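What follows are several structures.
Both of the next two complexes hold chain A, though its partner changes from chain B to chain C.
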Partner chain A sequence: MAKGFSRRDFLKGMGIAAAAGGVSLTGLTRLAKASPSRFQDLPRLVYIYPGAPQPDVQRVQDALSEYMAERIGATIELRALDWGVYNDQIGLINASAEVYDLAFTAPWINNYYNNVNQEYLVPLQDLLPSLAPSYWASMTPATWEAARVAGGIYGGINQQIFVKPFGPYIRTDILEAVGLGDEFANLTSYEDLEPLMAAIKEYVDQDDTLTHVTYNLSPLNVAENWGFDPQDALLVVRSTDENAQVLIYPQTDEFRQASELIRRWYQAGYAPQDVAQWGEMDAAWTAGQYAVRVSDIVKPGGNAETEARWGWAVASKAIAEPLLTTGSVTATLNGISSTSANPELAVRYLELVNTDPVFFNTLCKGLEGVHWEWADQDQLLVRPANGAASFGDTGYNPNTDWMFGNVFNSYYTDPTQVGAWPQTAELNRNARPSPVLGFTFDRTPVETEIASISAVRTEFGDPLGSGVVDVDEGLARLNQALLDAGIERVRDEMQRQIDAWKSA
Partner chain B sequence: MDISFNQSLPKTGSLRAGRERFAFLKRDHFRRNLTWFLMALPALVWIFVFKYLTLFGVWIAFTNYKVRRGVFGSEFVGLDNFRFLFATDTALRATFNTIGLNLLFIAGGTIAALFLAWLLYEIYASKLTKYYQTMLLLPRFISWVVVGYFVYALLATDNGLINMFLRSIGLPPIQWYNSPQYWSGILLLVSLWSGMGISSLIYLSGMLAIDVQLFESARIDGANKWQQFKYVVFPMILPLVVINLLLSTAYILNADFGLFFQVTRNQPLLYPTTDVLDTYIYRSLIVTQNVSMAAAAQFYQSIVGFVLVIVFNWIVRRIERADEPLSLF
Partner chain C sequence: MDTDRLMNWIGRFSIHLVVLILGLCCLIPLLLILSASFTDEIALTRSGYSLIPSQFSTSAYEMIFRSPQAIVRAYAVSIFTTVVGTIIAVFIMSMLGYALSRPTFVLRKPLSLFVFFTMLFNGGLVPYYILMTQYLRVQDTIFALMLPYFVVVYYVLILRTYFAALPGELIDAARVDGAGEFRIFLTIALPLAKPALATIALFTALNYWNDWTTALYFIRDPQLYPLQYLLYIIQSNAQAMQLQSGVGVNLGEVPTQTTRMAMAVLATGPAALFFLFFQRYLVRGVTLGAFK
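After this line comes the complex of A and B, so read on.
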């Protein structure tokens, strides 16, 4: 700092800075007053959700507010928090009882069950039928039951793919190169995939850029792949078992079968031998280093989505039987905060966003003519507006339709997607409902055991899922560790709760 | 520490000389040391706000805490929240690993820092000293996530540097991430690399306070470097070493989560030697996200550290000589 800089100079500087700040503040206020504020007196709903910041969010928010003001007499404030901080920040907002109206919640982010447990959310089962009748009627009572926890429904369900038909994804260029397209299309089990894996292995060994057949084997032992509805803490219910008997998944024959398959494929060298490398699977896929993702959710439009997200054209084939489970229905919810001053208006917002395609698509894709335009209105197909190369360049593209509401109202963005929504709805309708659809486990009596099980399942379960240990030995150790951690107490408690739930 | 608060540190440099218990209660003490107190003020405020004002929150560990009901409105459940810390062999192993690895880090860290400080002291007149100090400090500021990738670049099986070297001289590669037996050593090295800079600086500042005449007379008596260290340096900075050791025992049950989670890439096969309380607690509670159980775990770590500090301090007081106090209080 310059030597002659006295305290007086400093204060003078501060004064100038403050004055300048004042001027610019006044400027801002004037600017704000100039913008349309016809709905200033209407209540404003604050909606908090995870997402990257969008340059044009203010314009979209103004348009949505205008639309909402005419229909439900409220305006909206869109408050997107960055993905990386959403969980922590919404937790803090909830804990400090900050006032807001709606937030995205799910078992996997901004945990729905914890939010219910902490009394952060408003129960909706009485409000929805009266204030959001079409939204309420758009899903079966069994579907709504899935969101019920401790006697109440605390979140609005976003309609989307509810079933998880898992199956392999494979790069089409490699599938053609090995000439096994028909075999792939006729797969009925993961064992059927073995000759294909072997053929691809030969191809990979001769190719320069490909390094492995696949990069991660652990999705193979996901319980849905083997006909189970997974519950808490490695407990499962067989999808065909009407008595809903709770089983310890690692004690089942299917788990052994999955572990043996994984072990075999690991030893055959289909995946990197260094499991520490598996964490790089998405980057390695984009770099074109492997050909098969052994097990992922196969859904209408899924191939196009995968290609858009990670590159490479793919083919996929569902192997697991489609099953409607509690977990899949509650995967995307919008809850209403118990600090909200206008819960009724928030419910009416849910009705609007889930049943009005115009409103919903404005929230998802921005303004017509500014951010998107029709490519083919009959097919409900849109493209980026004004010749922009992609939706990412238009200034508004959250690209999370599934987070905001009913995706079946979403306009298609890719010609190959057209028609995917009715197909998905069909899939949902025809899926076998799990015998425990709608049941949610209350962990409170066995939280200590669940904590212990969570700690040991990684240690002894993950090595079986990656195939690095001998199956007999690994299974014996996993099951012993689970018994020590008290899994039988959790199983008995869950069985008791399921029996009580069934007889209710 | 005396060195930072007592301006009238004797020029002979002995840290032990002139120490009086409760000197800070003397009347003109604050006035004389006003500058030092002002410098310490931000840290003191921080400690007061975050360590003392929050103390009542310990109660959360004994309740089924619900945010909206408040700390004292939530249901009291006694010691239930502590059960998961002792329920299984895995939990107990985590406790033993934490203590064992921390003892290893404390012993290894102290020896390495003393050695490094002695090296720096020997070349202190050199213009390069500042450069060395900065370089030694730098690793401290690299995030554990990045360090985890450094280590992975060395240890990866297919294209890690070490395995490429092993292959080039005709040895079989080692699957480091499947081999728990190596990891106490690897973690010790990484922790030294990261932490040695700061701790060696503390010892260096202690060494710089030693009267150079002592070295001269030692040299005239024919003492070699090791003898100078053994008979001059070590006795002179022993109080600093003891204070550092006493303070580290307070954290004996706390492990650096970043080190144990990121650097091991959370590989389950390494847990037998690398799973510490912090990683165990993380794995246990990431599913249920139970605030009360997390508070219980933290309370357990703190109370053990507290008891250990009291006990060790008591032992030090029993064995210290009356004219050479070493204990903290």
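After this line comes the complex of A and C, so read on.
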């Protein structure tokens, strides 16, 4: 009974096909993930970190797994979450006790202190010395102390530049044009910058492409510039004060002098009249609209990095004293999840990634000959493999070495960078520890006050920082508002905590 | 008479003026984005946004179309979830609404309570996340994008009210003619409820099309990013990178302003055109709901 293929049969078939299509679509993506591995029976460490998806991540992951399997008997899964959603997603993963082993954590993303309070991380102070001896020995005890919270160290510190020697950056073409190279090289304070700014202002007025001497990058907001270790909520500790007395930053003489300096710059027309945003500032720098970045981190290799990132060759000069602070040491940590089944293996992974340059650079830059190749092996200088124009075109370039481990093991990617790591390490070693290095303020008793202080800072502090208000008047208003917001209670609480921390 | 006409004219004029201003408020931001996406990057920084590009350039689009897979893929995901998801969701919700509207249904009261209880109380984000990822295990599948909107209680409420208003005699007559419950639902109730179904389908489709939070929670695989989420990722990545440039670390490439604008145009443009075509159905559907 051969029956014709009716319309109904056709529709039925389509429905089944569509349903099957949906199923196979999900099936395929599952399949692509579970690619066969020779080390299936070894434990696999899941490492979660922020980063843009990289096309070749699977190849790198396989290579890393093979390397790890021989050395510590485990493999790795790299799970990069997009930058903008990292906080949300890792928050859900932690809250729902999803199983993973390692994650990037810091005070500024995937909040380290919050994670410690919620017991999402494993304490490492006992595991590190025995399971990761070289890594543990690679940093001074004072440095490790900086990551200590409530008696425990909950994150592996990535060595990078720990000090923040802030200072001005200036475009070399303009510096040459005004002929003040020596004066710039001999700067010791922001006041010394004034004659330079005046000379550049004259140059700017004659040049069509330039619109301003500088943009809104106020040295006032960075308390390190004036000899302080900034704490929470506009409170500071003088970097030379062994007694660690907590001061209200806007009440200090330095703050007043800095405000007056910025006010003078503003009145001389060095900066735009309206307060610019960070993003606009970088775009305007790229567009070549201004000559000086007043207060940025000056570091070895920093000039090359700035040029590579935004264009324009620059010179720079550190003004702030290199100071080792809690915030700068804990800026990049890798924590081990309390849901991890293999915390010991995860610690051994930290040892490997922080002390083995081959492993570390594979994670950072991909495979030799595929993603990078030696430009000069003696100098540890690499270039994009197979004639690719940039590392971004090679298929694997997370470009976040500082997130994965000790950056001093990283291969150089630019000839002008060569030798920067030993210099930076030297800078770290010679930095003076802040009197409150290792102290972290517990905000909980004064959270309301801190919230109002932050609002006051935006309303009355920022205008001073960009010089748009009269100093006497603006400072009086800021200080009054801070008193009203309860800054003295916060100061007293912080002092109490610091005293307790010092005597412990 | 003349004053009447004048008043009338003034009334109409002021209404038109208000509508005109509101319309411009909606239109100008879109035009600004369109214009910015066709502006040269450096020129955009120098002279800011304007309605007419200060220096015409298509470099942002060239940049995107060098590797358009991500956008094409995201379009496919969004279209698939919207079409398939809407069909399934409307079917499920109408079945539920119909069952709840039938006075002869034994479990009507307890089921109603069960459904409407969730409108007032819910477990919150973390239990939702745990349910989806650890019990249903749908994370990183296209199903995760559709599941959350299969039953929206508010729409079930609308459908139930609509079904309840259908004459009961019709259904009784169908039963007398020998039709079973399912047949009555499919051949009698559903065709009569077309206006309500159209409205709910439209709302549901818009939900699916505009949804990015579901992807934020459950999708890690870039192959399964829907369009709105892709846009959100691009914007929020750029913001995260700029915010953190203060920590003294290099966060990699930030997409330029013009590229971001061009992405927005490519993502919203076709959807906006689509909306223009379907606008009249939307208006009709909304008013239909209001009369019942």
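The definition used in the following text is that the second predicted complex is superposed on the first by the 462 of 504 C-alpha atoms of A that agree within 3 Å, B and C clash if a C-alpha of one lies under 4 Å from a C-alpha of the other, contacts with A are read in each partner's own complex, and residues count from 1 in each chain.
To be clear about the criterion, a residue touches a chain if its C-beta (ideal position, glycine included) is under 8 Å from a C-beta of that chain, and two chains touch if they have at least 3 such contacts.
Quick caveat, the model's predicted, so the values are computed rather than measured.
Engineer: Quick one: on chain A, after the overlay, do chain B and chain C clash, or do they fit? Just give me the call.
Structural biologist: By the criteria stated at the top, chain C and chain B clash after superposition.
Engineer: Touch check for A:400: first (chain B), second (chain C), both, or neither?
Structural biologist: Touch status of A:400: second partner only.
Engineer: With both structures fitted on chain A, tell me whether chain B or chain C touches more of chain A's residues.
Structural biologist: For chain A, the partner with the higher number of touched residues is C.
Engineer: Does the superposition put A:142 against chain B (first), chain C (second), both, or neither?
Structural biologist: neither
Engineer: Go through the superposed model and pick first if A:109 touches only chain B, second if only chain C, both, or neither.
Structural biologist: Touch status of A:109: second partner only.
Engineer: Classify the contacts of A:85 with the two partner chains as first (chain B alone), second (chain C alone), both, or neither.
Structural biologist: Only chain C is touched by A:85; chain B is not.
Engineer: Now for A:160: first (chain B), second (chain C), both, or neither, which partner does it touch?
Structural biologist: second
Engineer: Given the touch rule stated above, what does A:95 touch, chain B (first), chain C (second), both, or neither?
Structural biologist: Both partners.
Engineer: For A:448, is the partner it touches chain B (first), chain C (second), both, or none of the two (neither)?
Structural biologist: Only chain B is touched by A:448; chain C is not.
Engineer: Quick one: classify A:341 as touching chain B (first), chain C (second), both or neither.
Structural biologist: neither
Engineer: Jot down the residues of chain A that show up as touching in both complexes, chain B in one and chain C in the other.
Structural biologist: 95, 279
Engineer: Spell out the residues on chain C that touch chain A in their complex, using ranges where they run on.
Structural biologist: Its residues touching chain A are 42, 45-46, 80, 84, 125-126, 129-130, 133-134, 140-143, 216-217, 220-224, 232-233, 235-254, 257.
Engineer: Provide the residue numbers of chain A that touch chain C in the complex, in ascending order.
Structural biologist: 18, 22, 25-26, 29-30, 33, 50, 52-53, 79, 81-86, 88-89, 92, 95-96, 98, 108-109, 160-161, 164, 211, 278-280, 282-284, 286-289, 297, 299, 305, 309, 331-332, 392, 397-400, 402
Engineer: Taking the touch rule as given, give the residues of chain B at its contact with chain A in the complex, in rising order.
Structural biologist: 66-68, 80, 83-84, 87-91, 152, 156-158, 175, 177-178, 265-269, 271, 275, 280, 283-290, 293
Engineer: In the complex formed with chain B, which residues of chain A make contact?
Structural biologist: Going through chain A, the ones touching chain B are 94-95, 97, 111, 114, 117-120, 233, 272-277, 279, 338, 443, 447-452, 454-456, 458-463, 468-469, 481, 484-486.
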